[in-house]
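Chains here go by letter, A, B, C and D, matching the order in which they are written, and residues are numbered from 1 within each.
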Amino acid sequence: MTSLSELREEVWRANLRLPSEGLVSLTWGNVSARSDDGSLVAIKPSGVPYADLGPDDVVVLDLEGRIVAGDLRPSIDTATHLELYRAFPGIGAVVHAHSTYGTAFSQARLPIDCLGTTHADHFAGPITVTRPLSPDEVGEGYEVHTGRVIVEHMLDTGRDPLHVPAVLVAGHAPFVWGTTPAAAVDNAVTLEVSAHMALVTRLLSGGNPPVLESWILATHHERKHGKNAYYGQGEG
Amino acid sequence: MTSLSELREEVWRANLRLPSEGLVSLTWGNVSARSDDGSLVAIKPSGVPYADLGPDDVVVLDLEGRIVAGDLRPSIDTATHLELYRAFPGIGAVVHAHSTYGTAFSQARLPIDCLGTTHADHFAGPITVTRPLSPDEVGEGYEVHTGRVIVEHMLDTGRDPLHVPAVLVAGHAPFVWGTTPAAAVDNAVTLEVSAHMALVTRLLSGGNPPVLESWILATHHERKHGKNAYYGQGEG
Amino acid sequence: MTSLSELREEVWRANLRLPSEGLVSLTWGNVSARSDDGSLVAIKPSGVPYADLGPDDVVVLDLEGRIVAGDLRPSIDTATHLELYRAFPGIGAVVHAHSTYGTAFSQARLPIDCLGTTHADHFAGPITVTRPLSPDEVGEGYEVHTGRVIVEHMLDTGRDPLHVPAVLVAGHAPFVWGTTPAAAVDNAVTLEVSAHMALVTRLLSGGNPPVLESWILATHHERKHGKNAYYGQGEG
Amino acid sequence: MTSLSELREEVWRANLRLPSEGLVSLTWGNVSARSDDGSLVAIKPSGVPYADLGPDDVVVLDLEGRIVAGDLRPSIDTATHLELYRAFPGIGAVVHAHSTYGTAFSQARLPIDCLGTTHADHFAGPITVTRPLSPDEVGEGYEVHTGRVIVEHMLDTGRDPLHVPAVLVAGHAPFVWGTTPAAAVDNAVTLEVSAHMALVTRLLSGGNPPVLESWILATHHERKHGKNAYYGQGEG
């Protein structure tokens, strides 16, 4: 059982990985995580440079967005995170980062197709793009509707959110999730590297790259995430 | 109220961020700032490696370019900076950096269009390109006319200089500004990353990328810079 | 004569170079080496971050995959490495890394052609791509068949494995080898940089880059690897 | 007057900048310098990692290649460097580095055109490509003929070697020079960044980028290198 102070420390560490893994410049990213009982969410404060963050700066809220602990304003994207936690009970952490290649696919409104086993290791299929928000949605609440358009997209495509734990918001950037903060950041790293590899593969293939064979995709993903996974040291 | 020695220290720190944020190689960039009362400008000395700079090396001049403090020659681009301060009373700092992607757009003489919210966060529209200087302008005073062609371009396009706080000088590189040295460097980082993202988006889109919806651009920019901005911790 | 503990230390150091040379993110790579008498193989444990590794975490196995020393599970790709050691008696170390540019060529299923002397320094010809594994092969044993498809490819193309010490597995990533762990990592670095250079050369040449003249390729390779090699300080 | 031990120290420091400025991987580059009286050349030893180098490892030779000081073998490219010193009396240092973008232009056998002021700052025109060496030249002496083909190219194009202090050897990589080791490395950095910018400019311009106006090129170059140069602090 993770205590609240352990949760804040875990979220703090995961936020520090955003710049150290090369996923963000300035303060263009944030990580949140849900408490074990599902009732609370810990998230980066808004606009604070990563180098100035400490575990106690992490803000804790309930799922309706009421602050439970922390003296700072939570991330401006908090309402988006909360929508995802409410809609997807299985996810334990959310990462939002304007990483260069993932963001470029969001801007081009093109899915990151599964072209190889690096992608397949974390995402069991293409990472797809939401529709853009309407003027009304933006007017009523930009951040909450960003969350709703992600949820709508996941439901429309009928996928388990942990099967492909990420989506590209049109004209914006990726949102990525996972069971833990560390796993969600690993997924965000994989999305960014896979996007970079997909760009290069497209350039080499005249814009028409071959997708990975379905049987290789399935096996490569299952050996790490399936019921009989045999990757790693079997912790957890 | 910022003292002269605080101003020099702030300018020194902002100059150090040019290499640490990956915006320059060698000594290809400089940051200046204006004193609170608007009468003085502090700027990097010419040709001194960033690692060798101290706050006391920062040169202070009046708006006519007469040296008020400092033993070194000011940046070779000082006359350009002074033109901008004279023409745009609202700006407090100027950054010039030959950052790779921003410079490539300047060389291609193509605007950096607003393709996503990363760009919209700092620039409320495309970052456009000046006309090239004429042989006469170059002969009469290359640096002062570089400043004048920027001012002419901003007046011709009828924009508030803080709405889109940057311009690309044709065949040269970006000039970026802001209310403070830190804000101006943040804008220079955003320009560079947005240019990189715009290149990749163009490559993914066959050269014809979709521009960001106007209502998303406006909202994303306003939440950080508008009257009712709600990003950050509300300092300043 | 290298002792077992020296072998583990050498393999540990070579694994640490994967992130420090920019060849991997997360834990996407592994290095192994063979003992002097050819009977044992030392390899990275599965899923352990490079920063957490020590020499004693390196797992030692015989060529049939039975663990001889080490408390952790060996790399998930161990069966692939063992296939290569069994088939190619001359190789002393194997590197597998999902490096960005090499992986993109694997995904595009395009060879990395020899376009210049950087490539020719380590690879005496193009680095070619295997066929994809069939559903049956994946079902029967993904890792062992990855090794077999590499061996099949090398035998089909009739080359000495040390002449071009690498292959691209279709839809997956490069496998690289050498006489020692350090030499194999040097080859993996060269493959990645050569792939990056080949991409740029293709972009500059409209997709049709000129290949290096055969007489320059031969001489450049021989001055480092030939019988009368005169590069370096003549150690070994 | 620089002593021999000062010359070796200067060459050692310049060689260390090759990896720290991102110009090389492994040991793919070397810097040499000429003594004040022009009779001796100090150069990196062959195949020694930069991190293992000390000033005393730098090898000193006369212009015919006879070793005067140093216990190690000189760089394998020494004969190329010596050809350049013999042919161009005005140059004081030579850099050879397989930097990624400069090498890609060498491989594509395309000049790096002067597309902007970053390039114009150090090179008063395009950086052009030699013809490839013939089989006979390679057979007779690969390194000495590499030097001769550079000299032939500079004489054929009729340029002062310090006006455009670099050339691209076809299928190989750039050779760069300058008056001092520090200036030559600065030129090598500028070549690499200009090549990167030129690639991006080409991609943005559909392969047909606009060249820099001749009057801007001349003025930008002269303000740093001309008789009335006014860049920097006027040292030297």
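FYI, a contact is a pair of C-beta atoms (placed from the backbone, for glycine too) under 8 Å apart; a residue touches a chain by one contact, two chains touch by 3 or more.
What you are looking at is a predicted structure, and each value in this text was computed from that prediction instead of being measured.
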Shared interface partners, meaning chains that touch chain B and chain D: none
Copy-to-copy rotation for chain A and chain C - C-alpha atoms, rounded to a multiple of 5°: 90
Equivalent interface positions on chain A and chain B, same or different at half: different
Where chain A and chain B are represented by their mean Cα positions, the distance between them in whole Å: 32
Approximate Å spacing (C-alpha centroids) for the pair chain A, chain D: 46
Multi-chain contact residues (two or more partners), chain D: 203
Chain contact graph, described as a line, ring, star, complete graph or other shape: ring
Parts of chain A lying in touch with chain C, wherever the complex brings them together: 21, 115-118, 121, 186, 189-190, 193, 196-198, 200-201, 203-206, 209-210, 212-213, 215-216, 219-220, 223, 230-234
Chain A-touching residues of chain C, taken from the complex the two chains share: 25-26, 28, 45-48, 72-73, 76, 98, 100-101, 103-110, 132-133, 135, 138-139, 142, 171-173, 199, 202-203, 207
